[in-house]
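Two complexes come next, and they have one chain in common, subunit A, joined by subunit B in the first and subunit C in the second.
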Partner chain A sequence: MERSFIMRNPSVLWFLLALAVFTLGVTILSEAFGIGGLSTSFIKTLGKTLCLCLIAVAMDVVWGYCGILSLGHFAFFGLGGYAIGMWLMYARTEEIVVNSLNEAAIPPTQQEIIDGIGTQIFGVVGSSEFPLIWAFSHSLGLQLLMVVLVPGLLALVFGWLAFRSRVTGVYLSILTQAMTLALALYLFQNDSGLRGNNGLSGLQNIPGLDHLGQATISMWFFWASAIALGAGYVLFAWVTSGKMGSVIRGIRDDESRVRFLGYHVESYKLFVFTLTAVVAGIAGALYYPQAGIINPAEIAPIASIYLAVWVAIGGRGRLYGAVIGAAFVSLLSSWFTGGGAPSIPLGFYTIQWTDWWLVLLGVSFVAVTLFFPKGIGGLFDYLVRKDP
Partner chain B sequence: MRFLALLFAAAISLGVSGAQAQPTDLKAVLEVHAEQIERPKRLQVGEVVNDLIALGTPEVTEFLQRWQNRELHMREADGQFFYVGEGTPIELIDVVSGQVVGTAQDSELKQLRPNAGVRRVLGSALVQFQLSDPNILRRVAAVDSIARRPQADQLAPLLASIPDEPDAALKERKERLAGLLTARFDETTDARVAAIEALSGELSLDVQAVMNQILATRDQVAVALPEDENIAEIYEVGADLGTVEAYAQLVSAELAPAVIPNDAIRNALAANIDGGFVGGVPVAQLNTDAARATAYTALAEAGTVPPLVTDADISSAVQSHVFYAIYTEPDVAVTDAANDALNEITTRVGMNQALDLTLDGLSLASIYFLAAIGLAITFGVMGVINMAHGEFIMMGAYTGYVVQLFIPDYTLSILVALPLAFAITFGAGVAMERLVIRWLYHRPLETLLATFGISIALQQLAKNIFGTQARPLTSPGWLDGAWVMNDVVSISYIRIAIFILALIFLGLLLFILNKTRLGLEVRAVTQNPGMAASMGINPDRINMLTFGLGSGIAGIAGVAIGLYAKVTSEMGADYIVQSFMTVVVGGVGNVWGTLAGASLIGFLQKGIEWFNPANTLAAQTYMILFIILFIQFRPKGIVALKGRAAGD
Partner chain C sequence: MSTLLEVSGVTVSFDGFRAINNLSFQIGEPELRAVIGPNGAGKTTFMDIITGKTKPDEGRVIWGEKSVSLLDMSESAIARAGVGRKFQKPTVFEDQTVRENLAMALKNPRGPFDVLWYKKTSQGAEKIEEIAEEIGLTDELKRRAGDLSHGQKQWLEIGMLLAQDPRLLLIDEPAAGMTPAEREHTTDLIKRAAETCAVVVIEHDMEFVRRLNCKVTVLHEGAVLAEGSLDHVTQNQDVIDVYLGR
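Our next item is the complex of A and B:
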């Protein structure tokens, strides 16, 4: 069975090989474990890009394979980040508070420690009480469970409501966008319990691992992201191949016909929607400790639309296309907006790419949609000379 | 030199006193009270003021005012009082005649600076003069000043000035103000109750303030309820008042010892560490509240710290007292009347707030209608979602801004901007339809993404051209201000104008869609493009025109929105999600549907904001959640197309 799965999907092997070579190369060039050609911040950028690739793969499955243009997957990504961020922030603050309280003459009580942590974390929003949603934040295990459960349950409930009432097409896209907007607006409030506009910060400091230094920790997260991407790729390759893959693609091409053939379309869609949301949550949980900060602006609807843009540019309906699109556009975007691209003097006007990059992205996106619907991944068809 | 100057000044002063050989009454009063005027005390100055008032001459008003404003000066040499004029040496002005009567050096004069208490006494004395001053502006100012800071002693002069008031409007104001003052300060209960009942028909803020002042309460605590107090409310501990707050009241009434806070316990323990032990408990074990309490009790028994107040102490202390609020107003009849009046006022205010909310909702609904109707038309006819619709709104608003740069007359510029915005966004919409959208008719999801690409490009372009700061789009002067019905209900003229604009477009669209050839063709294409094409309608042309029309209306909506909101490159994005919601809730391809959707969303948003006014973010969140749930029950919107046209 395993053999035939690989046989049917030779691209999985090629992808895993490329990912392994890339990871090995980065490791050799890293400061912590190799010759030190790459800075720690660049390793973090690469690690974050791998996480973005993972959520792009998830997006590709739900959109490119199942035909659901979800404009809400970045919300699940953010929820995963918030879930892990709560533990990171709690545990890290606990270390600091316990250390400072232990210097006092009288040893602290449990309540004093918790009050101290509360004041530290929620002082910025004028509170010191722990909201109910932080009930599990002291435990890494439970919070890791939250990384999976919170996006999963939200996707399950939302998807069940939406698919049950046969909301499809652009209606569904707008509904998912509304969900994302509602979530972002909710988190922007100071009394949401997640520090409102300030978000969660200091996530790059992993509790108990301070002695290792950021160079080492960044490599750990890079490996974790690479492993997660590899595992996610194999998982989705397995989901989209075989009989189930055929049904999912059938739903994309003509939902009614699949329903008339006797398949329970809603269950398949709900399964795909929820599974990809869970993977998005995991990707977020790996991304934000590398980014160091998460705030509600991260999950604004525009982020989810960009996700769709990456997948479209990379090439829908092929998993490696999503990876290429996410890596290519996000790295290119940080190169252009970071001032890396040289300005173009036109004599009467100088094109500053920090100002014009979004114009270029928008226009090239229209061009890709119009002229290269298969995206960058479509180029492989010419190389391999395989029928699409 | 100095000697000469002194001599000169002395000569002048001699001359002055010579010139005024017969002192007027004011002069006489001033002479009698010279010391009180020079160094007035708040408690004694009343005597002087009474004597001055008794004179009742016009110059007394002037004198009191100047004195209050610290403009009165005394010549040190002879204790005479003057006002001073310009120049060096300073001109001396006589307090009676108002004429310049001499000059003096700065050093010879002493400026009189009565303190705040004295000035208040002077001010209230002045009021009665000002209330019957021949100059109406002074009288209005006096009424204003009473309305700002009402005081008991103003009531009598105010009432006295009413019968002689010549100006009808001011007389009415005075009567109203007298009513407010009577309700608060009159000496007889009957007069106050009557005044309060007369006020219960009003809903203005100052009447509410008066009622609330009469009904001001003070929390009290006692062992038993007192008989002679006007009790407002008796608190039930646990229901109306928490045990902790109740005990805090006991502490502040000095009926119970203060609770020792945890910090104080810890500090006390830390201060009494004795060889690794506190009160017999090892320091290392003091990490629970129970252990700390044990150690602290041991210290308290030794007498080194005040005893601990336990929970049992607190609850028994709280149970043995009654907690209640009394009115600061002792008269029961007055507070009862005020309570009744306030209830009536609250009901009326509530009704007026409902009316105000309706107006707000109507105004928001008309904005959403304008923003969404273009989207609804294109979505209905072509099944295409235009993510760049918000950017067309932005283009319309910037068109208005640019027009105002060239045409400084705001009325004219708005009249030019409206059709120009329509023309520009119509052109942009047609161009977009020809270049991009018509290639994607069979791929609706990709239209969404392609138009999104156009949206971010347009937004960034606008940012590059106009900068990131907000640009003003000024409304013409006749749209400034608001239509104020009363203290509660008001609506700005701009919002009324937008409402009228929305009505015009509603009518215009209904006319175009139902009465013209174009409308017929548009409806045909909406219902069944294939059939329409076989009947000789060119769907391509219809699509192009519809898209242009939808975009053009977005441009006009942009001018309207720009009039009351800031014009920025991101303004379109602020409206796009609400516009989508409006279309989705209302139902596609139907003007009435959009109207219903816009009304629902507008009223809903205002309604939720009313429940939770401090938190507009929460209001938007709940609204979106409501819409998500609403879609469950009417997936095709409020007004759904019937039959085969509904399609999928």
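Our next item is the complex of A and C:
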């Protein structure tokens, strides 16, 4: 049935094709598997961008299709990153500790190894004890499960409380902002168990794969990100099509009408909120090993607001719009803030883009909202006109 | 004809104002009933109570053969039990096609996962065609609901109620803003629906009520003022004083 679904939705097929061509092109231009030409750090930027596209698609489903303006989805992204980061850091530190202790005359005991890892990881916050939340950090499988479970459960509990009380509109947005802010502030504390504002670092070093080198590993993550984006896109295209899509869009446009048709609106919102949170967690788990570091600043409220801006600029209510918005704005953002854009001397004043990029972004957001409510993706409507 | 819905002794206050005051009301199945009354008589609040949108301070709302209380049920559960509601302003999903609107209303399992795995059936498609013909929108099935005329939207909404296979239909001012020809079609629709289920029509327009040719309940200040045939209630002195005399 999955096949017939893709056949019925040609835009999904076109998207997968474009993604495949892009992935192939990058592979050919990579240092590790092709002719070279794209630096490893740029491959990482592209891989990270794919992860941002994935969370943007999730955001589009929850906001553009279901009408829930969540300004907290980056919290789920960050939690996914922390979950995988805990294993990466533990296993990597374990390698180092075991290697150094093996050089000693007496072979180390298991307790010495664990103490050594604890000191290495938590010394920076003045501790050497493993907090309870690190109980599964030795196991890749269990931490991968956490990537899905932690954001999923948080979204389930938060969503259940919020939707059950019929909190909607801007009040819900504020509530989601409060959630991500509270989480960030908690993680900033040294005794949160996740190294406070230091966050988790060295995540680009994949335990056991040191011999491969970053050029190869970056390509692996790039491919994984591309596959995740493709799979996530198909999943959400499926969810937003057919009768489910009909009900979800109905909730966006007239919640009480859907309720009087006999649908339990809260269950649907909870389903969409939780599913998108889980996908956001997976996107985060792929993003942070490419970024190399995660700290609480990543899930500051502003990150989730940027996410909404990407989706708005790209075009709400169409999945490819979210992809375009996230890719376009985040790549442009790193170009402007990374000093790529030339400064503009005005004689009396010089426009430095590192300072003025946010102004430009803000102005474009307002302009898109006022003049092109369908965003960049809306341009496709003019090109592909199926129904009059 | 057995009693389908029994509202007894219901009272609702908003900030001290008694919108519904010890109201009692019964309707059987099938039956057609018109509810009239001046503005602020509590007609919409009355519908809000039955559909679960407003919880009364006192009183009982009893439903069906098993005499279950609707007061303990959520709006969506009441709708699933068989109460369909049409709002005064036509509320259809303008962004979706007529077919999608009707398909959403079709009586099927309503849980998120039921809907996610839902497959179109030929019975469903037949039922949609049948209703589309009934409401006169067969040629419009592929059109966006937002592109329909005002009257067509009203019919679509009635069609959505019919697709739910309801036992009780609550219809708020169906003829508002319609041309005479559209009114006639609407009257026929309502009368046909009332052959199989209970229908309550709230209406201001006396001419429209006369055409429905059914029992009339007059509401005033949140309570029943008179009940009976249209001729009977229009000769009632209380009714003339508060409503018709103005």
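Just so it is clear, the second predicted complex is superposed on the first by the 379 of 388 C-alpha atoms of A that agree within 3 Å, B and C clash if a C-alpha of one lies under 4 Å from a C-alpha of the other, contacts with A are read in each partner's own complex, and residues count from 1 in each chain.
Methods note: a contact is a pair of C-beta atoms (placed from the backbone, for glycine too) under 8 Å apart; a residue touches a chain by one contact, two chains touch by 3 or more.
Everything quoted here is computed from the prediction, not taken from an experiment.
Of the two partner chains placed by superposition, only subunit B is touched by A:365; subunit C is not. In the superposed pair of complexes, A:189 makes contact with subunit B only, with no contact to subunit C. Taking subunit A as the reference, the larger set of touched residues comes from B, when subunit B and subunit C are compared. Touch criterion met: A:254 reaches subunit C, while subunit B stays clear of it. In the superposition on chain A, no contact is made by A:346 with either subunit B or subunit C.
Once the two complexes are overlaid on the shared chain, A:264 sits against subunit C while remaining clear of subunit B.
Of the two partner chains placed around the shared chain by superposition, subunit C is the only one that A:246 touches, whereas subunit B remains out of contact. Of the two partner chains placed around the shared chain by superposition, neither subunit B nor subunit C is touched by A:383.
Residues 256 of subunit A lie in contact with subunit B in one complex and with subunit C in the other. Within the complex formed with subunit B, the residues of subunit A that make contact are 67, 69, 104-112, 158, 161-162, 164-171, 173-175, 177-179, 181-182, 185-186, 188-189, 256, 301-302, 305, 308-309, 312, 355-359, 361-366, 369-370, 373.
In the complex of the two chains, the subunit A residues touching subunit C come out as 239, 242-244, 246-247, 249-250, 253-254, 256-265, 267-268, 271, 387.
Residues 51, 53, 74-77, 79-80, 84-85, 87, 91-96, 100, 103-105, 110-112, 115-116, 118, 142, 160, 164 of subunit C are the ones touching subunit A in the complex. Interface residues of subunit B facing subunit A in the complex, by the touch rule stated above, are 262, 266, 269-270, 273, 278, 283-284, 286-289, 292, 379, 383, 385, 436, 439-440, 443-446, 448-450, 452-461, 463-464, 573, 577, 580-581, 584, 615, 617-618, 620-621, 624-625, 627-629, 631-633, 635, 648.
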